[in-house]
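Structures given as structure tokens follow.
Same chain, two partners: chain A is paired with chain B first, then with chain C.
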Partner chain A sequence: MSVADAGGGTRRLVVGPFNRVEGDLEVRLDIAGGEVLAAFVTSPLFRGFERILEGRDPRDALVIAPRICGICSVSQSHAAALALAGVQGVAPTANGRVATNLLVATENVADHLTHFHVFFMPDFARAIYAGQPWFARAETRFKAAQGTSVRAALATRTTLLHVLGLLAGRWPHTLAIQPGGVTRGADARDKMRLLATLGATRQELEERLFGAPLARIAALAAPEELDALRRGESDLALFLAIAEDLDLASLGRAYDRYLSYGAYPDEDGRLYARGIVTSEGRGALDTDAIAEDHTNARMEGRWRAHHPFEGFTFPDATDETGYSWCKAPRLAGLPFETGAVARQMVDGQPLIRALVASGGGSVFVRVLARLIETARTLLAMEDWVRRLEPGAPWCAQGEMPREGRAAGLTEAARGALGHWLRVEDGRIAGYQIIAPTTWNFSPRDAAGVPGPLEAALVGAPVRQGETTPVAVQHIVRSFDPCMVCTVH
Partner chain B sequence: MDGFNVLWIQSGGCGGCTMSLLCAEAPDLAATLGSAGIRFIWHPTLSEETGTEALALFEAVLSGELRLDALCVEGAMLRGPNNTGRFHLLAGTGVPTIDWVRRLAALAKNVVAVGTCAAYGGVTAAGPNPADACGLQYDGRRVGGALGAAFRSRSGLPVINIAGCPTHPNWITETLMLLAAGLLGADDLDVYNRPRSYADQLVHHGCPRNEYYEYKASAEKLSDLGCMMEHLGCVGTQAHADCNTRLWNGEGSCTRGGYACINCTAPEFEEPGHAFLETPKIAGIPVGLPTDMPKAWFVALSSLAKAATPDRLRRNATSDHVVAPPAVRDLKRR
Partner chain C sequence: MAGLETFYEVMRRQGITRRSFLKYCSLTAAALGLGPEFVPEIAHAMENKPRTPVLWLHGLECTCCSESFIRSAHPLVKDVVLSMISLDYDDTLMASAGHQAEAILDEVMEKYKGNYILAVEGNPPLNEDGMYCIIGGKPFVDQLKKVAKDAKAVISWGSCASHGCVQAARPNPTRATPVHEVILDKPIIKVPGCPPIAEVMTGVITYMLTFDRLPELDRQGRPKMFYSQRIHDKCYRRPHFDAGQYVEAFDDEGARKGYCLYKVGCKGPTTYNACSTTRWNDGVSFPIQSGHGCIGCSEDGFWDKGSWYARLTDLKGVGFGIEANADRVGMAAAGVVGGGIAVHAAVSALKRARHKDADQQSTPADHNNKGEAA
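On to the complex of A and B.
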């Protein structure tokens, strides 16, 4: 952290290490008149996974890519499997598709629980809020690492992750997801065990987090329906009280432009639709219009933006103009926000649509979208378990051609994740990855347009004497950033 | 001051060892550590303190105001580009994380590498090693790394390498508990300085595919039930860890999940020299032999076992579900 006088009554704050996000993060803030004038987001860690993948046997991507990230590991694995499936021209068996959905959904729901209880809510148990009427409850439940709800949620998450122990060997870093399905089938006994695990998870969440049945949360449509949920002792009721008191619905608005690759494919369609939402409404996603800009990324190749099939990753060791290792992905030249709020906007979840329409995407809406999605996804998971068919095939076998290219597009908890794979002469010739937080926490592009977080931070209030402004922390964490994925 | 103070720093890794640690159960992480008097001075995932508050804690350790019983480092140390460490400057400080680790390690009673990246470099050091990654005291299999071969923490121990990609939650909690209790000495570490408490076992121990292994009834494709050593790259007979006797996330392990053990607790596991899920062979015989097994005996026993494979195992080995259950014998009528 450092404070400097930037002249003209503007002071500059450098905030870091920014914890309770996955990985390391630094945010530079220009502050005047008690609010943020401009923000610059730095992803400080570069490992070079895209380069590590080049030259390998394409199938090795299933070992290497998940290790980009310990919290999005299954999503990374899924994106790699989809890219390989595209090159092989193979599709998963019905069992393989349903089981893969279960594995990806387990990680995504577990991550939503981790985000709400371990990463986001503990900031309301900070001493700075000691005077607020809800503080005693927030402190008891959400004091970092110790709060009763923090510990209960970690226990629930641990229970839920037994789905991955049973079907995928372990979490993180499984090899169970393959281009043609999964490596381990389920028999009738396994299905009962999975239903017991999901049932226990559902009960915990209905009692402690929601104070309501999952189906009611999943079906929320009008903002007034939240009023009934404010009563009672649930963690959701506490969040709603805090959000109202601190006006979190007015905090952290970005561009209200949303991107989702769509999640959980079925025989026909997906549980959550693919597409974009802009000021012009819902639209189709054109992946050919995706390009990464290197202007502020300390990467060679600044002369133009690159579609990921043409992209490359050569860090510029001597560069002094870039301020992040993160490239700036743009869709048709524009920054897009991704995550649960984007998925629910694109899918048309009525309450999230209504809230964004009336007040814009905010800290409040991002967190609420995650909670609603948790309920929706868990309900679908119970259905998927019932549809697993013991005795039917789990994994189709494909042949790896010497040449080919394909994109693997999936949704991690924190948003749209894409792998663009090129195979030449039987080896990986190119492997470009755009992770959710690459979109959300991108630096400025060649036109000087800030990334979504950089835009969302403008106007954030900074109190007298604050060196790590708490409002900035709420906004940053509302995106559920994964910094190890961001640069990879 | 009583208790055992742990400071946790992450660098060139994925955070997966922490994510796994949070899966500790029966008892959970807080209860396990609490019962042993272990407390995190700061942990990137769990602590309230961020920015200036976190840096104040680091400074308190450096000034000697806070005793540091164990420095836990997760993720590889990044030396690049050109030995500047710029591929990871610790946010808010402008100082390479590798330098923070060196300063803190000099004061720590014990230094613990959490995961294969921190221990040896791991996947972050794979391929062309773009970030010039290494482990705390190893660079792959070679002693050295960020702290150097001669490094000893104040307890006199080298860096304790809790290798694994990721680590099992109990490997971490039990190692910290042993340290807090003063029960971990140099003899309790193996040749790669891994705690012998889990590294003196093989992944093969307790593998439910052992009957297939005995008869060399092999899986031929992913999702088959047979032994994965002959065709699918499994090195569980050589890999040091207790994954099949101490299960993961309830009842899991890699081989139980239907895929090969890739020896992720070993230095340089990231570069096996062949595709991970394919067994290299010479004249049809797998190159890697089971640990402590003379080659001639392995070949002889394998051909005998193959000849004796029961039909049940032969059929099940190449199926994705049991097609032939074991016969029920009347044990009274031998």
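On to the complex of A and C.
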């Protein structure tokens, strides 16, 4: 971190490395009058997975692509499997689809729990808040690595991950998801074990995190309903109290423009719908309108934005202007925010819709959307377990053609994840990945329009003498960044 | 951080009970393959020795090692080990941020000069002067060299640090380079796997902290206690391999019967790791148990050895492919094949065929086997 005088009363502050985010991140802030004037988000880590995938047997994407990320590996493997399924023209069996949903959902719920307990809440146990009325509770529950809720949540998470162990062999870097389904079916005994695991998870969350039944959290519709929850003894109650006291609902607003590829497919439709939400309301998703802009990305190919089927990833060693390894994905030329809040907005969760309509997407809404989604998803998971059919086919067989292309679109915990695969002559000819945090933490585009986080940071308060402004920390973490996915 | 606290004191301070401590000592002895007579020795060491600080650095990586270590491990082992090393410096977990974090790093290095253990997750990319992985404004390779300089020993966590892993796969765009090619003057313990098994990670670090010495290493620098057997040697599907019963496609008849996954690409026969004994996620399962072959993630170069979904093809140029061996069990004359796993497959199947032969009168199908194998 460094501080410099940028002239004209503007101070420049570089914040980073950030702890408790996945991977490396640096944020450059221009500060004047006690608030952020402009922000520049830098992803300082590049590995080149897209290049590594080129020329290989397309099926090997199932092993290589997930290794982009140790925490979203199931989502990455799902996106790869969907892209391969698209090229093969194969659809998963009913069992395979349900089991895949369970695997992806397990990781997503586990990630939401980690985010809330390990990444987001510990900031409220920092000494800067020692004078607040809720501080003692925050410290007891959320002090990093020691808080009672942090420990309990990690234990719950380990229990929940047994679902991945049981159905898919191991986590992280699960291998079971295939284009036609999964490599292992569940028998009646597995179903009992899965229900027991999910039941234990549900009980933990209802008691400690929510202080209310999952169904009640999932059905929240009007902002007034939060008042009763705020008075309880749960982690959620504490979060609601802190959010009210610090006015987190007016912190970190970006564009209120949301993108979701839709999650957890069913025979007809998805648990969470696919689409976009803009100031004009809900709309359909046109994936042809997605393009990545390289202007500030230290990548060759700046002359225009590239649709991921035509995209490429060549670092530009002579670059002078780029400030991130992250490309700038845009939909119809505009930056979009993605994540739990986007999924719940697109799906029409009434409380999240109401909160965004009244005060805009904020730190508060992003975190609340994750909690509501946790409850909704866990309920759906119990239902999916019941729908697993022992003995019925779990994996359909497909043939890999010599030529073809397809996109694999899924939702990771952090939002819309897409793999765009081109197969030529039986090998991978092109493989482009746009991860959720690529959308959220993108640098400026050719028109100079900042990415969602860069926009959300403008106006953030910086207290006198702060070198790691706590408001900036809250805003950054409210997106639950995964930097190793961002640039791959 | 505490100066001369013992491990035991640190644990107690972190709220771990005496009972849990003793349970941990016996779990550790078991994990390390030591008999119960070692439990008091471990307990004694931990009660009397000052703890060794561990600095944990992250380079070019995906954090799967930390995830495995911290969040999937046995809760007790995880708690104890976390409190023991308290991760004096770990980017992912630390409560502090920015310069505070950097300051802790400098402080530990100064205070425990020559006496701390450096654990590295990920590796340094060397292309373009290391600019593909910048930590705190400087290339990771600089940080790595700086911290390694006064370390007692280095642990290379995972396949990235040990071997390079998939980010070093052709064309290795960033020249991702394993730790031992950059740090040349320190003892290095490699704990490969993508990720390594949590219990293997805690076992290795506990051994080093408890006994104050390196575990016994194999030729490649891996702790023998965890890497001396192939996945294949202890695989519960092994009888099907020996019987020549294979899965041909996910969800075929063989898959439903739990046959051997060798023909859908399993690398268990050439992979040294503890998955088939220790298993994953609290011992629930491991990849082969989920019906997917082993991808050999703890072996050097596993990322560039041909498709994971192809059968092992060590035997190109000997006249027929491996599938011929496996398919035409018994037809193949073992003497013709050069060596390696295909011979193993063929011989195992031959043994079966001979048994069958001896048990019952030869059938037309076995006739070939008998003739060729004799």
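The rule we apply is simple: the second predicted complex is superposed on the first by the 488 of 488 C-alpha atoms of A that agree within 3 Å, B and C clash if a C-alpha of one lies under 4 Å from a C-alpha of the other, contacts with A are read in each partner's own complex, and residues count from 1 in each chain.
Just so it is clear, a contact is a pair of C-beta atoms (placed from the backbone, for glycine too) under 8 Å apart; a residue touches a chain by one contact, two chains touch by 3 or more.
What you see is a predicted model, and the numbers here were worked out from it, not measured in a lab.
Q: Will chain C clash with chain B on chain A after the two structures are superposed, or do they fit?
A: Overlaying the two structures gives a clash between chain B and chain C.
Q: In the overlaid three-chain picture, which partner chain does A:Asp187 touch, first (chain B) or second (chain C), both, or neither?
A: Once the two structures are laid over each other on A, A:Asp187 reaches chain B alone.
Q: Applying the touch criterion given at the start, work out whether A:Leu25 contacts chain B, chain C, both or neither, answering first, second, both or neither.
A: first
Q: Which holds for A:Thr467: it touches chain B only (first), chain C only (second), both, or neither?
A: both
Q: Where on chain A do the contacts from chain B and from chain C line up?
A: Correct list for chain A: 1-2, 14-20, 22-24, 26, 44-48, 51-52, 55-57, 59-60, 62-64, 67-71, 73, 114, 118, 122, 125-126, 143-146, 151, 154-155, 157-158, 161-162, 164-176, 178, 181-185, 315, 317, 325, 393-395, 397, 467-468, 473, 484.
Q: Please name which positions on chain A make contact with chain C in the complex.
A: For this pair, the touching residues of chain A are 1-2, 14-24, 26, 44-49, 51-52, 55-57, 59-60, 62-64, 67-71, 73, 114, 118, 122, 125-126, 143-146, 151, 154-155, 157-158, 161-162, 164-176, 178, 180-185, 315, 317, 325, 393-397, 467-468, 473, 484.
Q: Which chain B residues qualify as touching chain A in the complex?
A: Going by the criterion above, the answer is residues 10-20, 22-25, 28-30, 40, 42-55, 76, 78, 80-82, 84, 86-93, 97, 122-124, 126-131, 133, 165-166, 221-223, 247-260, 262, 264, 270, 275-278, 320-321.
Q: Which positions of chain A touch chain B when the two form their complex?
A: So the residues of chain A touching chain B come out as 1-2, 14-20, 22-26, 42, 44-48, 51-57, 59-60, 62-64, 67-71, 73, 114, 118-119, 122-123, 125-126, 143-146, 151, 154-155, 157-158, 161-162, 164-176, 178, 181-185, 187, 197, 315, 317, 325, 390-391, 393-395, 397, 467-468, 473, 484.
Q: With touch defined as at the start, can you tell me which chain C residues reach chain A in the complex?
A: Residues 14, 58, 60-68, 70-73, 75, 79, 82, 91-101, 125, 128, 132-137, 165-167, 169-174, 176, 194-195, 249-251, 255-256, 275, 280-282, 284-292, 295, 297, 303, 306-310.
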